[in-house]
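Right, one structure below, let's go through it.
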Amino acid sequence: MRWRSALAVSFSAVILAAACAQSGTTTTSAAPAATSAAPSGPTALFKRGDGGQLNILYWQAPTILNPHQATGTKDSDASRLVIEPLASWGPDAKPVANGLAATIPTVANGGVSADFKTVTWTLKPGLKWSDGTPVTADDVVFTFQQIADPATASTTNDNTVGAKIAAKDASTVVVTYDSPNPNFYQWGVGTCCGILQKAQFAAFAGAKFKDAPGNLKPIGTGPYTVTDFKPGDVVTYAANPNFRDPNKPFFKTVQFKGGGDAESSARAVFQTGAVDYAWNLQVAANILQPMIASSTTGKMLSVYGSSVERILLNFADPNAAGDARGEPTTKHPFFNGPDGLTVRKALAMATDRSTVAKQLYGDGLTGKPGCNIITGVPDFESTATTSFCSTFDPVAAGKLLDDAGWKLGSDNVRAKGGIKLKILYQTTVNAVRQATQAIMKTNWEKAGFSVELKSVPAATFFTNTSPDGANHFWSDVEMFTNNSDPDPTSYLNGWTTAQIAQKSNNWQTGNYNRYSDPTFDGLIDQLRKETDPAKRADLIKKANDNLILNVVIIPIVTRTQVTSGISKTIKGDTPTGWDSEMYNIQDWYK
Amino acid sequence: MGRYILRRLLIAIPTIIVISFVVYAILALAPTDPLSAFGADPRVPPEVRANIRHQLGLDDPWPVRYVKWVSSLAEGDFGISFMSHSSVMDLIKQRLPNTLAVVGVAYVIGVLLAIPIGMISAVRRYSVFDHVATTFAFVGFSVPTFFTGILLIIVFAINLRWFPFIYDSTLVIDDVPSFLQQVKQSIMPITVLALFDTATIARYTRAEMLEHLPLDYVRTARSKGLKEQVVVLRHVLRNSLIPVVTLVALGVPTVFGGAIVTEQIFRVPGIGELLVTAIGNGDTPVVTAILLIFAVLVVLFNLIADVMYAVLDPRIKYA
Amino acid sequence: MAAPAAELTKGGVLAAKFTRPPRSLWTDAWWQFRRHRLAMVALGVLGALVVFTLVGPLVYHTPIDTIDFLQSLKGPSADHLLGTDDLGRDLLARVMFGGRISIAVGITAVLLAITLGTTIGALAGFFSRLDNPLMRVTDLFLSLPGLPLLLVIIYLFRDSLRATFGPELGIFIMIVGVIGILGWMPVARLVRAQFLSLKQKEFVEAARSIGARDRRIIVRHILPNVLSPVLVAATIGVGGAILTESTLSFLGLGFPPDVPTWGRILFDARNYLDIAPHWAIFPGLAIFLTVLSINFIGDGLRDALDPRKTN
């Protein structure tokens, strides 16, 4: 398998090189260019429209094609075939210029000012929208302003906070941050920042944004145009005749279908070859492995990013009476009591992450044992948690508790001072998660905890209005997955005191644990201002260690960001764990 | 009879209004949320979520939203989906052909097969035919549809490679090959659904016919020298059809909102699948529109069933 | 006993010896039932299943939740008579344990639905003044969306039920209640249809003319004739209730995920049909046998209660 992907990587490198060489020299015409003028530069591997139809299958169907109104990955991925940002996040968590920008601005090349306050983006020359009109800096400025305008209720708004934009000339924009921003790619790179055509959306600026027909049939710069869109069902695309590279894309049409479940998507790509790309195969390893091993049609893409399946521990009391339930004014009876750290450590010691990773996630196929909450970027990977993480010993955990005075009762549950170690453990309805719960329960009960399992449908788990939800956290521990951008500042912010979710803010903020530690808050404050990369890395690792060694969260499995099946015949795909899976679809060919 | 129908139609209007109110209240109270798809993502902070909620009109308390909804209904506007911001009517119109082509066809086949099967089972009670039919019927409704669906996929799509198992709704049927393709891609979901429909209706038909076969008038008809076939078809069947009519009539609305699991498994983009996805996404305009149509169909078909009783059984008089 | 019977039959002495004391309706029904062979076999099968689920776990001590990945997905063997699931848990123990809940839920929920439905249907069919309002209520319930209604009921009642009855009984009551409340409508319509047609028959007129009150007419005269479609609904309903319970668990609205009801085991096994078919076959067979035997018992009951068949 590995040599195939190496081959794929080298092929795509050749293509990328070829594309970069050609983009400045070809002329595009309005007529459909199925066979365009011969490229000057290295010979292309293929020409536009050489291929037939590409079939993509997602088990959630796209419902809107405007990435700024997207409600999930399905929407941002489906729109990425048409709407592109200035640049994308590559597999190494660094930006790559396969979008509208000619090069990636850095401090070294002068694109980023020394005080980290201004970033200058220059567009590639000769860029056209799919309707033939030229792309200008006005389109970029317009897009930014719409996203930043609260009246449009854009879901990508957060990346515009603290930033402003201005057009320097027809093909250059300058993004200015209010204060020095070490995360200077905050706006412009990735799914947050697809550029819309001003002409198409101008009449729908502000509050009318959601009514724009461009939401369902956008005009973009990407390799494909939308021929037909049935929201919640299927999108049909055709190759964009005005795409900047005349030899791309390879496929004449694309069909992007949604619906069903992950297991049958896996069957479609591995067992029948009915589709070329099957997204997010969150399937138990013992179903996936035999399918992959015996498949003649498909192979598995397992690429790691920052996704971690983790268990959160509650620092507030989920059983407090009345309005105080789960409020930060209360303290959890045993996780936040006088020997709270001991109890939390015991729970972590009795957590068998390697069995979960091996049996359920295929020992690397879809996940590997996770020790850190910040992971995926080598510079930020802490090593201080390794030994803590590799200790799995429920008996020693029991002893730790015993020594602290938590004695086993007649019901085999440890208790001290009338408080029993009874845990309610909630997560979403999902076969792999339920199996994980079963494994955790067996081991935790060996250490003397008593565990009650609860599973909640995803739609009522991830909402701040539901008492069964992750935000309310009216249980003792809960489990789910989350991931972060290459720069983890806003992610880590989610554990600061200011972000504690409680009744007064309608449980909308991100600190579900109700964790409050001045040391941690201090680290994050520093992180927001620190511009030296080495010092930043150090702060990030310290923040990670604080959360892990204080057992605020117990990471179980680092999951693959890209867990998709792809046809063995497709080349040119170099998946990234930091951006959309469709980020380089213009390079795919057979 | 005419006056009865008129009266029923008049009562239907307040009935539907009350139903719509109860349904809306239930949906408002249910803890689903259009923003749940964002999960715990810190990149969509509370201010943005509040904005989105405001845009969707969710700031108003639900009785106010109900009134707004009813008044736009009066103008023929069924609302805009929260997820795709497209007109709900457009979404339903896109899905209707798929539902009819699969769930509707399955229902028709089910009824057409069930009545003769039930009849023969009753006439030849405990024969081989009856036992085989009974067993099939019980497989039909003791095994869940997700199970039969997956079983069929594994046997026919994966092992035998006879049929595709991903429904292509973009298929345009304008010649024989495309029609055959449509048959191939819909035969498995239709089988799954028809199995259940046939099973239930056949059992009721059989039971009711068994009630009637020993009755005096049958003996009379036979002793008059009528052929068995005539006796059964013209006399017994007609009288046995009353509960069957109930079931068939009650079942028609479920074509427009049932078959959720089957539609999901085979990826048939029908109205059932739209309904359940919308419920999960908290997409209230879509859910309320579909449920309203469903309620209208329920009321309408119950009326049709009641009228059919009177037609089939002259002794039934409505006061 | 002796004298009148001897006069009424030919071969009087012979007849005198063979007359029996008059029996009640139910003893009569039982005798009639016994003559229906399939029903008796079905009763035996159902009885065996009930014993299997009730007594089995007391005899067979293998726990239902021991995880052992080395034994994962193994077929039937000497150690595990029905095989194991993906976590290596013993299926025989799980099917036995889960059967209690599945059968109990199936039967109780259906009884609730049938009782509610028959009452409403009888009232609607017999009293024409009540027909309209009751049928409109039926329309309302038929239009209710199952899934959001479930979410609301659970959201509103789960905690209080859990507090009053304890976690297991509380959820049991909630699930039985939900299935019953959402399942009585077809029964009501069927019963009403029968009442509408039977109301006009001569035997009703006859009963009225001898002064029978409404309640008596409904219960003793018409209801026994309505049994047939109701029994069919019951048999179909039991299977449906068992499966609905599994759907509820799959949605996270039913029993906790580690409770191995038959429907839940089937649901967990659905993606392993080609790898480990035994996992699905056994709970599927259990549900199938339960539903089938209830069906034949229903057949027997119908024959037994059929007034035309007594000798």
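Think of it as A, B and C in the order they're written, each chain with its own count starting at 1.
Here is the rule we use: a residue touches a chain if its C-beta (ideal position, glycine included) is under 8 Å from a C-beta of that chain, and two chains touch if they have at least 3 such contacts.
These numbers come from a predicted model, not from an experiment.
Interface comparison, B-C versus A-C: the pair with the greater number of contacting C-beta pairs is B-C.
Closest chain to the protein centre (all Cα atoms averaged), using per-chain Cα means: B. Look at where the CA atoms of subunit A average out and do the same for subunit B: the two points lie 39 Å apart. If each chain is reduced to the centroid of its CA atoms, subunit B and subunit C end up 24 Å from each other. Rounded to whole angstrom units, the spacing between the C-alpha centres of subunit A and subunit C is 48. Within subunit C, the positions touching two or more other chains are listed as 151, 155, 271. Chain contacts: subunit B has residues 31-32, 150, 158, 279 touching two or more partner chains. In subunit A, the residues that touch at least two other chains are 457, 460, 466-468.
Remark: subunit C residues 38, 128-129, 131-132, 135-136, 138-140, 142-145, 147-149, 151-152, 155-156, 185-186, 189-190, 193-194, 196-197, 200-201, 228-229, 231-232, 235-236, 239-240, 242-243, 246-247, 263, 266-267, 270-271, 273-274, 280, 284, 287-288, 290-292, 295, 302, 308 touch subunit B in the complex. By the touch criterion stated above, subunit A contacts subunit B in their complex at residues 57, 61, 63-64, 69, 71-72, 150, 153-155, 157-159, 192, 207, 210-211, 215-216, 228, 230-234, 236, 255, 257, 259-261, 264, 267-268, 271-272, 274-275, 457-471, 480, 482, 484-485, 490-491, 493-494, 505-506, 508-510, 512. By the touch rule above, subunit A contacts subunit C in their complex via residues 263, 283-284, 286-287, 290, 355, 359, 428-429, 431, 434-435, 437-439, 441-442, 452-457, 460, 466-468. Put simply, subunit C touches subunit A in their complex at residues 65, 67, 69, 72-73, 86-87, 151, 155, 167, 250-253, 256-258, 268, 271-272, 275.
Contacts from subunit B toward subunit C in the complex involve residues 11, 15, 18-19, 22-23, 26-27, 29-32, 126, 134-135, 138-139, 141-144, 146-147, 150-151, 154, 158, 200, 203-204, 207-208, 210-211, 214, 242-243, 246-247, 250, 253, 275-276, 279, 287, 291, 294-295, 298-299, 302, 305, 309, 313, 315-319.
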